[in-house]
Amino acid sequence: MDSTGIVIGFWVLSAITVVSSLLVLVARNLMHALAFLVLAFLGMAGLFITLSADFVAVAQVLIYAGSISVLMVFAVMLTPLASRDNGNSLYVLPGVVAGLGIASLVAFVAVDTEWAERTGAALAESDFASTVGEVGRLLLGRYVLAFEVASVLLLIGLLGAIVLVQERRRAATQSPDEAADTGARDGGAL
Amino acid sequence: MASHAFEVDQTGTGSAEPFVLNIGPQHPSTHGVFRLRVVMDGEIIRDLDMIVGYLHRSMEKLAEERTYTQNIPFTDRADYLAAMTGNLGLALAVERMTGVESPDRAEYLRVIFSELQRIASHAMANGTLVSDAGAWQTPLLYMFREREKILDLFEMTCGARLTTNYMRIGGVAFEPPAEFWPALQELLDELPERTDEYAQLLVDNEIFLARTRNVGIISAEDAINASLTGPALRGSGVPWDLRKAEPYCGYENFDFDIPVGKVGDVYDRFMVRMEEVKQSVHIIRQAVEQIPPGPHKNDIPLALRPEPGEIYSRIESPRGEIGFYLVSDGTPAPYRFHLRSPALINLSLLRELGEGASLPDAVVTLGSIDIVLGEIDR
Amino acid sequence: MNLPGGDEVTVTLAHYLVVSGLVFGIGTTIALSKRNAIAVLMGIELMLNAVNLTLLAFSRFSSAFPAGEEPLSGHAFVVFVLTVAAAEAAIALAMAVLLYRRRETVDLDRVNLMRW
Amino acid sequence: MSEQPLQAPIRRPATPMLRQIEDRPGLKEMALGVPFGLKVIGAIMGLGALVLMAAVGYLVVDGRLDGQWYDVRDLGHAVAGLRDWLDGEGVDHRLTWLITGALGGLAIMSIVGGWLLIGSWVERRVIAKFQIRMGPNRTGLFGLLQPIADAVKLMTKEIIIPRGADRFLYYIPPVLVFVPAMLGWAPIPWAPNMAYMDINVGVLYVVAISSIGVLAIFLAGWSSNNHYSLLGAMRTVAMMISYEIPISLALLSVVLLTQSMQLSEIVAFQGHYHVWMIAIIPFAAFAFLFASTAEINRSPNDIGEAESEIVAGFYTEYSGMKAGLFMAVELAHAILVGALMATFFLGGYTLFGLEEWVPGYLILAAKIGAVYFLFVWLRGTLPRFRLDQLMGFAWKFLIPLGIIQAFIVAIEASVFVRVDAPAFITLGAFAVVNLASTVVMVRFWADRLGYAPAQHATKPELTNALGGLKAAQRLRS
Amino acid sequence: MLAQPVAEALERALPGMVVSSNDEWVEVAPDRVEEALRWLHDSEEFDAAQLSNLTAVDRYDHFEVVYHLQSLDLNHQIAVKALVHEHDDPVIPSAYPVYKGALLQEREVYDLMGIRFLNHPDLRRLLLWEGFPGHPLRKDWMGMVGDHTSGLAGFPYEDKDAPIRPINADNLVPGIGPGGQGH
């Protein structure tokens, strides 16, 4: 694989990613924002491919575009009154300032620093090698502790989500008074 | 039972706001211009309201301007899937009112044709029910095969397939042609094995059982109290059939049984209809064997003038008790003409059945009650 | 790759870092300025994505690995980030739904119960 | 029965429609009616085909064909030949890369397009046969031009955009929904060297691509501003994310055993050991097939567009060619699943050595056709499940059993790698073990769930009694 | 079954209930219809388990509401009538508390006859749309051509001597449809 495709791909995909991210910010409709967010995720997956990270790119599509966006879709659907609103809060100005600051800081550092980079043949060496086996070996070898912790984290996340959302079922089986009490108490906890 | 293993409790899943869904008047599973206004919470129906009348033709008012004979075609158009029994109901009511007799041969022909009509109507009802359960029309078209042959027999005899206008006051309109009898025999010979074929296709099918068993249960008490009749009542286990309770046209001479369901669910109503088809074949066989020669019609005056008075006469149509309440004031036209519509009255429990059911269950339940909008709206 | 003028064009680590910085900045802005809890979550997801891009870019381009270090460690980190993101999205969205049920809103400006 | 009707029949005789159908001339009569000249031409063509086959057989046995560009058993050779020729001519290799890539893409698109045309005709005709109907038979020979007529009809229809629809999102889904249906074809090997993009994470790629379709369907349902659409979309989304897990678990079993995520490797494994995965892991094959029907909205799991309940589901509000695209993508998905099923479980392009002689892509196409026929058959036969039954089936049945199956296969895979026994012994033992474990698992789990198959359906009771509530109570007791 | 024994038993149990009776039907006091139906429904002797048919007849100055009750176990039918003498706004208690089957039948009678049923849970028009003018099954629903009333007094093909109203432009009012005597 020569670098022509990589160069064109990088520019096109990064344009898609950045522009769609901006549109997520600008869109007034939350569903539109979600559509652009998915586009940004897909562009990001493409950028991963230009980095010869095939496994991660596919995982990105699977997890972000396939699962997290669907979760968001469900969340939007379950909150109908708010579903069409992507309005800004009181903190727009600080937000924009912080975003610009971070972006310019990172950009400055990225451009200004002399990175110890691999180029040319050294870079081409790692072009589209199969990364799956290597990543798997790393996950189950060097980072096995982190891997286990991550799986525990996922389990906790799963249980937490179920516990959070199932609260209403219990309230529904109680008497109306009790349910009202529970609602008030839980609401207070928020 | 067969189906509860994979079912999920859906109460409490729909946390979105309830919304109103209009099912119909143009909808694949409302069997006509029937409209359900449904308040849904996710997939669960919270409230349900039926809106009918899109096919209302003011039949009862129009009937007050026509002689009794002229009113017979209205009954074709009321229950257009069972025109023969509609005709017969009115003809019998007028005969009972005026004392007109019909010849013996006509009585047997009436039995043969109304039982043929029952088979055709049940085939349609069960076929559309399975279609509502999602079986992409294959069973429907299988059952249409038999219905088609029966309609061919009707066409042979009276020239019409749907709106037959065949039963007349004092007899039947026409004598069946010579080629009718062999064709009928052929049909009777193949019908039992066809019904077994459907049973093989549907009754042994796990998906069909999972969709229909324990769905839309009507208890016997409710069924009686809500004036349900026909297969809807028998599906709930009540052995009530006007052909036995008030025999007309010589039904007391035939040997047949009443099929009754056990649970009162959609499946039972389906199976009761399947079994009634077999019983109807049995009745027709007996009638064909016993039919006497003779005239098929007695002459009656052009305009019958019954004595002032009233009558409520009913027979067992495929959908239940079709009754005619006629009030005469001595003129050639009825003073009051009321058709007791079994399809409409069978819907009395629809709201209670629908509340808390999921949308697919409600659709199947509606299909199992077997409505005909021509009769509901009149 | 050569442009028509003859200049050579390549993509370097700095390019990826700049893109990553831009996306991270946009994500920060979204997370800070949006009123809707779900929109805030979108911003956070974008930030995580930007970090992923950085990790992968370093993993591919950096030659400064000490002996024994695996160049593909970046990929492994990304896998962890994906895991965390998935768990986080599940919990956060469940919280948003719960918030809506209790308060009839997901407007974070109006959820001010944790204020002192 | 009476001897003589008393009145002469005056009605016209019946014209039973079914008899008209039965009286149509059959194929035999049509063949007899062929003119002599055509018969001669046909005979010459048949002879020529025989000669050609003999020549090809000679070349194959001789081994002279292997790797040549004109080796039609594997069109990958032809593409390689093209690439070599272009390189030899001094064409920039980037251009070569672009040309061959475009050719491959074009090939896939034409295959899918051709299947769409033929497949919709096949589906309609086959279902018509199931339903004792004729099916389309007026447009062209045997109605073969019917799909084209349909397309023309759909394209000339008015495009209606419902009021209140989100116009921006309303336009995207009909196109977006086709993306996974097309991209999914990329890693599928049609012959040993004939895959468009033989990526080494092919299995993961397929799963990831299929998850994009969810969004298209959801956007379609949401943007239509119609409750039927929304219900259909929510049902479909819930189904698809539920059934992705059984699919992943089923594929995990395959990957564990074949030690590769590359689709060509999976096929090569099956070809090498002359065994189909469906024989080794039947449960995974069943889970994959069932979950795929749910994933692509085919009967009996087509609850997302359940006609009798929610009209047309998520594309209720689409009209004209937009609706046509949704219907077409259903078919495209069906054949894609057929291809995946064939690749993962039915040996792909291999057929017990026949692929040495017959082009592999034809074998694969035949397998796709077989799976597609199965889909059509299911559609013509089975009623539809209910949403909660399907969700319960996924979460309570397929997922737990899929996990157990994956564990068993993992043990077998490590045995397979370590034990130095003839493959047919180990694989045969695995097949037996998996079959037995599947039976045990299913029985045990079904018992645990309280599920008993209703083998003997209750029949209504026949009674001669008559009565109301009391009679009913008597009958019941 | 003959209505006389029913009338006697009903009068015994609920004095003042039966207004009149003959072989065919029992006429009950219109404001106590529900009570009568409940008694018949609950009684062991008559066991009127099902409301087979409910309809009404317009008699110009009053309405007859007709109930056909069916006993399934005993297989007999009882006809009960209630006369509502108010013609402009007739009101009668609903049978719904006793028979659920009255739900749609009473709605139909209300729609076409205009009889209001007290205590009916959901008394709306059934077949016609809300806002339809009048109740079409009433005999005086829409003015007929000339001073003719509804019904068919003579049958022209039989009563050749009966006077036949000439059809001319004066007699034709578009939009009313068939009607009038002997045309």
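To keep things simple, chains are lettered A, B, C, D and E as they appear, and every chain counts its residues starting from 1.
Note that in this section a residue touches a chain if its C-beta (ideal position, glycine included) is under 8 Å from a C-beta of that chain, and two chains touch if they have at least 3 such contacts.
Since the model is a prediction, treat every value here as computed from it, not as a measurement.
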item	value
Contact-richer chain pair [A-C vs B-E]	A-C
Distance-to-centre winner among chains (Cα means, whole assembly as reference)	D
For chain B paired with chain E, centre-to-centre distance based on mean C-alpha positions, whole Å	25
Euclidean distance of C-alpha centroids - chain D vs chain E, Å	61
Centre distance in Å when chain A and chain D are each reduced to the mean of their C-alpha atoms	33
Distance from the mean Cα position of chain E to that of chain C, given in whole angstrom	76
Shared interface positions of chain B, touching two or more other chains	15, 224, 238, 240, 245
Where chain A touches two or more other chains, by residue	2, 4, 55, 59, 67, 74, 77-78, 168
Residues within chain C bordering two or more other chains	97, 101
Contacting residues of chain B [partner chain E, same complex]	52-53, 56, 58, 60-62, 64-67, 222, 224-228, 238, 240, 245-246, 301-303, 310, 312, 314, 321, 323, 325, 327, 329, 331-333, 335-336, 338, 340, 344-345, 347-349, 377-378
Residue ranges of chain B in contact with chain D within the complex	1-8, 10, 19-21, 27-29, 40, 43, 105, 130-138, 141-142, 145, 148-149, 152-153, 155-159, 174-179, 181, 183, 199, 201-211, 213, 220-221, 224, 234-241, 244-245, 257-262, 268, 271-272, 275, 288-289, 291-296, 358-361, 363
Sites on chain A touched by chain C in the complex	2-4, 6-8, 10, 14, 17-18, 21-22, 24-25, 30, 33-34, 37, 40-41, 44, 47-48, 50-53, 55-56, 59-60, 63-64, 67-68, 71-72, 74-76, 78-79, 81-82, 85-92, 94-96, 98-107, 109-111, 113, 115-119, 122-123, 126, 131, 134-135, 138-139, 142-143, 146-147, 150-151, 153-154, 156-158, 160-161, 164-165, 167-168, 183, 186-188, 190
In the complex with chain E, residue positions of chain D that touch it	466-471
Sites on chain C touched by chain A in the complex	1, 9-36, 38-39, 41-43, 45-46, 49, 52-53, 56-57, 59-64, 70-73, 75-76, 78-80, 82-91, 93-109, 111, 113
